[in-house]
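Chain nomenclature is as follows: A, B, C and D, assigned in order of appearance, with residue numbering initiated at 1 for each chain independently.
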């Protein structure tokens, strides 16, 4: 309903998997909203379309602000932060989901709020509810009024209809009806609540700064406020924080966890810590592994900025081929630019990236990228490098071929748009017009994330559905809608 | 006079030398304004406070737009670009000069325009006129009305009072009265004009894309529009481009050039080409040189992002100590942020940078930075690294100690604020609380930019006044105002 | 949740009764949103804080926009109107209600929308639901999630829980649970619906322009689009318009109507037609009646602009005292002005009004105003007139003393703030420091609106609760909350 | 150069003569900018396109702000007013001049500022310099750089080239070179200066509030700040106010004054005092005179709002025909509205005005308007009235036929667009399709403004060139450009 933000004229962003959301919550500081704004700023890479914050203050009740655009452009005004008083708050940053009808509306921006007989509650989540459509139909039939297109509003309505007496118990009731992969932060007037689904597909960590407790999608948002990492919220766990105490609940049946392996490859920030490991180090290790699996004779190793850099450094260190900044990113590239003339539109990628021509000329170049989705970016990067006079171009990809869409909170194209779902590696080489292209193996990736024996095919340690088609949670709505045929159906 | 942009809450930008300006001009394309906007976007690192574009179209005359803020935020609307028709245009991006009384006003934003009897002319420059105050006083006494605080308006008034019959001849008249270091782009109704001062202190290149001719501060702005580098405009040269022809004039006496060596160290973009050399490669070579001059035992080489990265790579390659991304920059950091609570303000630097804690803990770290100005950034960076648990911190600086202010278009603090003007390297080590700090030698820097024999002390090949106090152009106004005592005066 | 509009620095607006809302709906034209925007613009006097429009188009479904501020400042951009396609639409303008906790939020701005099993519906109303709090408590207990603080959201939830098969039938179900005084416009995917409560307290008219049917609070909004008045929707009637057909339903028990008499006095625009009479003519007749009831010797009759003008003209015509523009209104007065220095703040009223000093000096002046609420405006006006040198000031008020708050959709102060609830006319004269003050009698007012016999005390023809304390609909929530003690309770 | 304001979609404003400017200056109060803003707000009717304020404070020098749009929308923010410190300030509101090439640019908005050897000065004027083009050509040839298209910049340049030692003396030098009709407010660092041209065509008054001295185009701007009228600045007088003293100079040769008679008819606000007379009273007297000169049998006298109202009241009083508000103005009409569909565009005038249909139906209506320029408004008003069912329409115009353009600071169409230059009154009646149309005679107008004997044809007491073609100041530039053939040339 607002004037929607224009789609960025950004030739690269269209060809990346995009994490849908980041969540953050805090209890204890006098000015929770400032902490949430800082936390969301640190999680901005997980969602750049919109953000929201809800706080609670004993005297004045709940306060909310939802805005399109970046945290820094919205939640930076004293006037807005001052309108969000209280020592308890949660926040959310988001991309639009692929399935949203029309554009996102401000009403779709989380956190959501509901007033119950025993008081209000707010909730925000990262991930996806895979039976949301079925739940929504049922709830509307029983008289619920939905205010958004967001799947997560289902949780609020399920809670409203629960006959439990406390909000955490109502949330358990609701979550037992819900299928999917999600990490939740929620709040009542006095409690901060965090939940991860039974498989722990999406991340959620618990941090602390003196008497202040924090929940966050990633540890980098603890760093920005100077909090220390206490532990990850465990798969299937609900933590309820009140009066400085953390209680742990287990609303779901115990199952073997399957954390999203792509968080290691691309989604999380390189300065975050996942499963006790530096994400930067894991990505460097992927580069090392890749250099072993797919060696090549070359003069320079360059990264496709910025996400390919750690793996490129690792590749360089393992191969002995010098690392160089062959492609330079314009740090002033914003989200919009000139609606260009036809002539300029064709320059496309140069607005964001430029090749270090004097460096590249005549060189055999290894280009390390984190993934190939549609392949459109790879094509453009290759052209830029060849235009600059490179002698050879060798792609080395820090993930296995992305051949299956994700239904757990990541924005992926349909299967027929995924290059790896439709071509062999050799066909890709021809299609892209490069001298070679190689992907890390699935086992190699598992080794790089610390599984010395590689992937346990009978009981995989991670969710790797985007590479393997092995979906640990049934995508109910998608199957009903005929949007996907699972591999095991074939 | 406009609502001035708020000063960025950015703990780093306050401690860098800042190039004052970038200039760009184009003649030939149907939509010159789009080209100028693209060129200025590529030169944004040279000035982020404001920008301006003037174009000329035969039918409708001259058109102008001046705006505070980034190119991408202003010169991106079709409505604005459409208001700048014509196939001839020039543009400018700027920082405020240290000496401006009060804040910058939109009237101070270049290019400037003047109407003469033979038609209009527009002019923009990068650099500084060192006798501007004296000229201004004289012109006011003779009845000129100044519309801005900008020194460069003098040139327009001197031209207005010239009795020459053509605008290029009037410009020559004017420039002969002017002292300083400057690169100029100017335009009449039919001509694009470029000038570099006799010493060629500031850069200016000539490029070409088919029938379209381009002038730009740096080659990276040729790349963004796909133009190729023809050559640098030479020190003391004026080029006049009309009807696809480039004429070369020599309005100044021939002198030995003294290009600004700091363009190699920091100002220019790493993907630009200066004097036939890749800036990235030069900076990498500085790192190599630095590793030889100031070796150290350590576990990791890290850059202070982003400008220290090429030298850090060079240092790593020469020393064999692995390069790592120990400090991560938040790519969504904009120009403003929360007016923070006291508690949060103290977090300061974390808004922009975060340390890769899991990587740094227990390590001996070499930190490569491009320069030390006031030293405030170095202090903060050191604290972040030690907080993260580093065992040792060794600063290696990719330039000699910055001990003298620049008067040639660079925003430097007064001498008493420059750390290196007031401390020895060892005092700095103690002041900063690090295990060691070493600067590259002036000779080492000259070697890295390609002068195998180092600096020629009798006739230096570059302007290195900020390191040496050897000022090739007398800073007349500054001396009159008692703002500086030159080294040779001592 | 939005940045709230600043409170106007307007010394007069704080001392008027304010109509809460205006509604408008249209079915038939290709661009319903343009018609609704025009209609709301004509109804702007009924609510200036915010406005909203919802439309429906067969292909793309429902579309909505809600904005703070004036219609002309928001619903004027082609981009916004274009985002509201379809040939069926309703709209609403509003003031904030006195009882809203904190400020209005954009979620409180009507029309409201709900999705039911059989499709969506939107609804907007003018008036007040007097048992809204009780209904809300009951609905929340049964699991409804409210998205706003607006009473009218109750209707949507009651509809959602109805087991009727069509939306009009569900609306009847819902309205039978609702107490209060309201005129509703609503829409489904194919129907435009209008309802007036059983007493017809608030206005609603039916208009037509060829095949286009219109519902509007007042006839002036028919004029702006060139539609003609067909008839008033009758008290207790529901009209359902579809495919060019108007069906009439009677969901409520028949009762004797009691239209709001203050619509004649002040709320409606003078160019509207109420009950077949020109509002302007009625107000002129009030002035005539007032001159008969409360004659005075004087030199000039002046109006308190602008609402007092018709009655002042009538007073002049009946008394023979010349009418003059003694107080001039600044037509450029907007909603905000300088946050003034103390000195200037004291000038207050002069920003909006100025006395025609040369005219007033030495004259005995009759000042005709429409009503006295708190009396603060009267005090200021009196001071202005005396400062300008008037010899005498006589207030003549075009309504009886306002001694009781309105609970039917009008923003009135609590009883203890109403001057007439706490002073006799003579005490007011002393308090205001004027030579005389007289109000029209209640019977005189009834005569002026066309009831030749005056008020029928046993069965009053109008709702005149603000004058008489005789409330035709029980203000349930207000009594529960102890906010009012009714006269008959005493 | 800024984003220009959209042209108002206002069917009436296009058909009025428009005063070009209002000026205001103040010396003495601690916060001059607030006073100037208030004064300009009261003068807003004299220019709505843009405004500017310049102030001076001893410690910080001159400060300036120029903005497109209304005073209330711009000069209302504490942040802007706070940026204009000092106890001495002048301001200006303006329309664009008919002759401006392209749109107005912010650089054209007054006051103008110039820095001289003895300090700065700012200047703003109401009126027109009739030899500005000639002066500009001469100044450019001698090396002046013009920063605007505004004629008044000439004065600053002439002052810059004067060899006098003080600014008031330089201003006298400059004004002796200037031809035209103008009232000036100017300021130095310590003086407030006011000047009226030798004929006193445009108004300027001197006011006082304690120690604070004020200059203003009209007295209504004295009222808003509570200042009292001291006297009019006299034709040919320059007043210089410093340290609470008012000095009077006489830089021009004495001539018989010829004040603009149209200020009485339309330009000035009805609550201003001109030549000791209430403007309202003068306009009422015009109506009385008109009723005598051009009586008619009718049922109602209505004004074309709002400027026709005083004359309509006078007409009613003299004729005995009742005055009524037959046309109602929408007070929320702003400057822009929907870019309407074709269908809606045709509704045109209804956005701003609405006829009181119930009142007008079947009536013989006298419509009193202040003037007829192109006649387009008259046509639309007539149609509205007839559509509403009026039986007869009689136009009575409160000024003689406007047959000649004004060259003294009023925006008039060229002669061939003026209805009265091309038709007799009877042809107008047929063209407009009304029952009668009558204009007040020129002598009648003179009588109404207090000249009992009417116009002195040999030495007219007023400038009435727009009615008579008798131009008291030669329009040099216009004649050179062939834009006008004077009557005496014929």
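As a working rule, a residue touches a chain if its C-beta (ideal position, glycine included) is under 8 Å from a C-beta of that chain, and two chains touch if they have at least 3 such contacts.
Keep in mind that this is a model prediction, so the values were computed, not measured.
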Copy of C-D's interface among A-B, B-D or A-C, judged by over half the contact pairs being the same? A-B
Express in whole angstrom the distance between the two chain centres, defined as the mean CA positions of chain B and chain D. 50
List the centre-to-centre spacing of chain A and chain B in whole Å, with centres computed as mean CA coordinates. 37
Could you state the distance in Å from the CA-based centre of chain B to that of chain C? 62
Shared interface positions of chain C, touching two or more other chains: none
Which of line, ring, star, complete and other names the graph you get from chains that touch? ring
In the complex of these two chains, what residues of chain B are touching chain D? 1, 3, 60, 63-66, 79-80, 101-102, 106-107, 114-117, 140-141, 143-147, 156-157, 160-161
List the residues on chain A that touch chain B in their complex, please. 29, 31, 34-35, 37-38, 41-42, 44-45, 48, 70-73, 75-76, 78, 81, 220, 223-226, 269-271, 273, 277-278, 280-281, 284, 306, 309-310, 313, 317, 322-325, 328, 330-334, 336-341, 343-344, 347, 350-351, 354-359
